[in-house]
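Right after this note come the structures.
One chain, subunit A, appears in both complexes that follow, with subunit B as partner in the first and subunit C in the second.
Moving on, here comes the complex of A and B:
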C-alpha cells in the first residue's frame, strides 16, 4: 500500500544550523504513526515542514504517491493535512460550533448559516462518538482540557482531512482525559484517516500507535511497526539513535 | 469518562423554566450581561423621580434622548474597537472634526445637507483608516496612537473653526435630527412595524430550527419577549407623543424625537453585523484569541482597521447629532467629557475593556445611564464638578463589575 504522505530525503537548515538531515517519513491511511524523539530532535520542524509553515531545502514531498509542492499552510490544508498544535488555538469567548467553523463559516448570502453549521458540527462530534460535551453551544471557556482537545481535533476532521497531525495532545491532561483523547485518536485511524501523534509519553505511544518513527538529532533513526519493538528499544532509539540492529550507525542511517 | 451526557439534540425544545434557570446560572457564574446597566437605570430613575419630580415630566423624558444621542452613537462605534481589546481615545474629537467639516460645508460653502453629511462621514472613514492602519501595521498600542490623535484633533477642530469662532448651522434637515419630532401617528406605525418584524423573525427562526430538529425557543418565551418589547416601546411612544409644549397653541411639541428611530436603526444594523455575519464573528474571534484567528485564516490587521473605521464613522454620526442639537459647531464640540462618557457608556452597558465581549445594545443601555445621570444631576442643581465626580464613580463601578465578573467567570469556567 502506498503511504498517503511520504517524505524522502528531507533536508532543512536554519542559517548555518542543519536541523533535518536526509529524513524519510511515511504515513499510512488507517494507521496511527507516532513521531517520537528527544527535545531538539526535529519533531516540530518536521511537522512544520509537512504543514507548509517551513519550506523544505531539498527532498521529495509525496502525497498519494504524487510529488507535490507545499509552500503554505493553505496548500497543506488543500491536500487534506490538518495540524492540531499544542496550544489548540481556540477562542474562549466563542462556543464549540463557532470555533469549529472559525474562518470557514457557512453562509447564506451575507448571513451566517447557523443551523447548517450546528448540524454539521453535531454530526462530526457524533461520528467521533464524542459524548463528553453537554451542548455544542457551550462556550469553549467552560470546557475541560480534554474537551478542548476534542473540539480542536473535531475542528481538524470537520473538513474531511486525510492526515491529522496532533502535537502532544495529552501533554497537559489528566489520566481520564488522556484516555479519552487516545480513544479518539484510535477512532480517527479506524475511520480511515492517517494520524500522526507526537508524544513524549511511551505509554500513550504503545497504547494507540501502529508505527513508531524515531528522530535522533535531526535524523530518522528508525521507522518501525509498534508490534516489532519493545518499550526499552524505543527509549534506546530516542536517547542514543540506535538499538541493536535498529537505528543509525555512527550517526548515519544504515 | 463513562458517565457522560450525550450532545443535546433533543427534539423537544427547552421549556421556559430551563431558559430562566440557564440565565440565572450565567448571571451567578459572572456573565452579568445587561443586568448592571438595567439595574442602574431603574435605581437612578427612582432616586431622581423622588428627589426632583420634574425628572418625570414628558418634556424631560424627551430631553433624555436628545441629550444622550451623540454619546450613545459614539459609544456604539467604540464597542467595535473595544471588542478587539483596543481603545479609541480620539473618538470624541474625531466627532468634533467631522462636525466641523459638516458645518463648514453647510454654512461656509452653502452646500446641500446630504453633501455635508457625506463629507462628514467620509472624514470619519479617513480618520478611522489612518488610526487603524497605524495601530495594525506599525503595532503601536492603540492607547498611544489615539491619545496622540486626541490632541491633534483637538487642534484640528480649532483650526477648522478658525480659532474659536462658532459656526452656526441653519440647515433645516440637520437641525431637525435633534430638535424635531416624528408625527405622533408615524411613531405608532414605526413601533408596530418594528414589533411585528421582530415577532416574525423570531417565529420564523424557531420554525426553521424546529423543522431541522435543532433546539429552538418555545413559543411562550418568544411571546414574552415580543410582549416586553411592545410594552416598553408602547410606553415610550405614548409618553413621547404627549404634548410637552408650555403653550401648545403657539407651537406644538409632541412625538418621538427623530434621533430615536435613527439610533434604533443603527442599533439593529450594527447588531446584525456583529451577530449574523462572518465579519462580526471574526471580530469576536480576534478579540478572544488573535493568534487563533490568524491561524484560522482571518486577516487580523484588516479586522483592526475596519473596527477603527466603524468607530470613527459612528463618531462622525455622533458629531452630526451634536451639531444638530447645539445648532452650531464650536472648538469644544466633541471635546471635554464626550469621549469619556462614550467609553463609560460602553463599559457600563457591559462591554469588556479586555476585548472579546460586548454588544451594540450595551452602548445604548450605558448611554441611557450616562444621560440620566447628567440630566438628573443637572435638575438637582448640582455643579458640573459634582456631575463629573458622580459619572467618574459610576464608570469606575462599571469597570469593577466587569473585572469582578471576569474573575468569577474564570473561577466557574464561564465567560
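Moving on, here comes the complex of A and C:
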C-alpha cells in the first residue's frame, strides 16, 4: 500500500544548526503512526515541515504517491493535512461551532449560514461518537481539557482531512480524559484517516499506534510496526538511536 | 427424508432477518434493505407490511434527500412500543433497563450491590422492583417481548441456573426461575454469562461490528471473556466456554477464587492490582482501580510498578489467546479498559515476544465501545433474540 504521506531524505537547518538529517517518514491511511523521540530530537520541526510552516531544505515530499510542493499551511490544508498543536488554538470567547469554522465560515449570500455550520459540526462530532459535549453552542471557555482537545480534533476532521497530526494530545489531561482522547485517536484511524500521534507517554503510544517512528538527534532511527517491538526496544531507540538490529549505526543512517 | 424449508419457514426467516437489520442498523430505506438482503422489492414490501401490521416497525418518508425521483420509504423500528427488560448482575452493581427495539435504552435504574455473603433475594428483589417500577410507567399500547439478564458467573445452557460465581459467592443458584417468578410478567427470563453477552454486544453493536473473529476480555472484579469464532460465540459443551480468566498463566502464582493457583484472574484482577499497589483494603471496585491508574499517571512509582506487573500478566494471557484463536481483534472491556490503556506498553511488549508473528501480525487491540453498558446491552440483545427469530409469533404471544 502506498503511504498517503511520504517524506524522503528531508534535510532542514536553521542557520548553522542542522535539525533534520536525511529523514524518511511515511504515514498510511487507517493507521496511527506514533512519532517519538527525546526533547530536541526534531519531532516538532518535522511536523512543521509537513505542515508547511518551515520550508524544507532538500528532500522529497510525496502525497498519495505524487511529489508535491508545500510552501505554506494553506498548501498543506489543501492536501488534507491538519495539525492540532498543543495549545489547540481555540478561542475561549467563541462557541464550539464558531471555533470549528473559524476563518472558514460558511456563507449564504452575504450572511453566515449558521444552520449549515451547526449541522456540519453536529454531524462531525457524532461521527466521532463524541457524547461528552452537552451543547455545540457552548462557549469553549466552559469546556474541560479533554473536551477542548476533542473540539480541536473535530475541527481538524471537519475539512475532510486525510492526515491528522496531533501534538501531545494527552499531555495535560487526567486519566479519564486521556482514555477518551486515545479512543478518539483510534477511532479516527479506524474510520480511514491517517493519524500521526506525537507523545512521550509509552503507554499511550502502545495503546493506539500501528507504527512507531523514532527520531534520534534529528535522524530517523527506525520506523517499525508496533506489534513487532517491545517497550524496552523503543526506549533504547529513543535514548541511543539503536536497539539490536534496529536503528542507526554509529549514529547515522546506513 | 425431510423436504426443504416450507414457504412458511422461509417467510418467518425473512421477517426475522429484516427485523434484525432494522434493529441493528436503525432506520433503513426499503431500497437499501432490498440490496442488503438480496431479496426482491415486492418481497421486501410484503415483509415490511407484515411487520408494520404487527406493530414492530413503521414506514416513513425520509427527510429530503436532495435527489431526483420518488424517495424510498424508510423502515424504522418501533422503539417506543416494543421493548425488553435487560438486567445486569455485577459484583458491585445491579442494573435494570427497559430497552426499545433498535437498542435504545428507554429507562434505567441502578443500585449498588454490597459484597459479602451471597443472597439470591438481595439480587432478585431490587431488580424485580426496578422492572415493575419501569413497567408501571409504560403506556398501555407498549409491549414487552422478553427479559434477559447478564450474570457475573458461569450459567448453564438451557436452564438459567448459575453454576458458579466465585466473585459473587454463588453456587447452583436457580436465578432464571426465581427472577421470572418475582417479575410475574408471564415471560421466561433468559440468563447468560456477563462477559459472553458483552462479547456479543461488542460484536453486534460495538467496536467489533463486521469482525468475524474476536476475543473479548471483561474485567469486573475477576476476568471474564467471550470468544467469537466466525461470527458465533464459542459456548462449549455445557455453555461455560470462554472462561479466559481461569486460564492458568502462573502455576506458582497467587491463589484464585476458583481454588486454583495463578489463574489470569488471580494475577490481573482487582485484588492483584490493589495488593501490589499496596492499596488493598482502602477501597474496592472500579473507583479503586481507577485510583491506581490515576496515581500511576501522576508518577506514583508504586502504582506504576503494580500496573506494569499486571500489564505483563495480561499480555501473557492475551498472547496465549491470540496463538490459539488467531482473532482479528481483542477487545478490553469493563475495568480492563483502564488497565489496558494504563499498561499498554507491557501488554504489547509481551505480545511481541510471546505471540506467534503470524497470529499477531494484523491483530487489532481495542477498548470497548459500549463501556460499562456492554453487559447490559448484551442482555438486551439476548432478550430480543426470540422476537428476532420469529417476530409475528412472539409478538402475538406477548400481546395476548
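Assorted remarks:
Note that the second predicted complex is superposed on the first by the 254 of 254 C-alpha atoms of A that agree within 3 Å, B and C clash if a C-alpha of one lies under 4 Å from a C-alpha of the other, contacts with A are read in each partner's own complex, and residues count from 1 in each chain.
Methods note: a contact is a pair of C-beta atoms (placed from the backbone, for glycine too) under 8 Å apart; a residue touches a chain by one contact, two chains touch by 3 or more.
All values derive from a computational prediction rather than experimental measurement.
When both complexes are superposed on subunit A, subunit B and subunit C end up sitting side by side without clashing. Of the two partner chains placed by the overlay, neither subunit B nor subunit C lies in contact with A:19. In the superposed model, A:134 lies in contact with subunit B only, and not with subunit C. Seen from the Cα centre of subunit A, subunit B and subunit C lie 100° apart once the structures are superposed, a value rounded to the nearest 10. In the superposition on chain A, A:157 makes contact with neither subunit B nor subunit C. By the touch criterion defined above, A:122 lies against subunit B but remains apart from subunit C after alignment on the C-alpha atoms of chain A.
Touch counts on subunit A: comparing subunit C and subunit B, the chain ahead is B.
Within the superposed three-chain model, A:93 lies in touch with subunit B and out of touch with subunit C [touch as defined at top]. Of the two partner chains placed by superposition, only subunit B is touched by A:105; subunit C is not. In the superposed model, A:179 makes contact with both subunit B and subunit C. Distance between subunit B and subunit C in the overlay is 6 Å (nearest C-alpha pair, rounded to whole angstrom). Shared interface residues of subunit A, touching subunit B in one complex and subunit C in the other, are 176, 179. Of all residues in subunit A, only 73-74, 85, 87-94, 98, 102-105, 107, 110-112, 115, 118-119, 122, 125-126, 130-136, 139, 141-143, 176-177, 179-180 touch subunit B in the complex they form. The touching residues of subunit A, counted against subunit C in their complex, run 129, 174-176, 178-179, 182-183, 186, 202-208, 226-232.
Partner subunit A is touched in their complex by these residues of subunit B: 1, 4-9, 208-209, 212, 214, 276-278, 281-282, 284-285, 287-289, 291-293, 295-298, 356-357, 409, 412-415. Residues 290, 293-294, 297, 337-338, 340-349, 351-353, 357, 360-361, 363, 365-367, 369 of subunit C touch subunit A in their complex.
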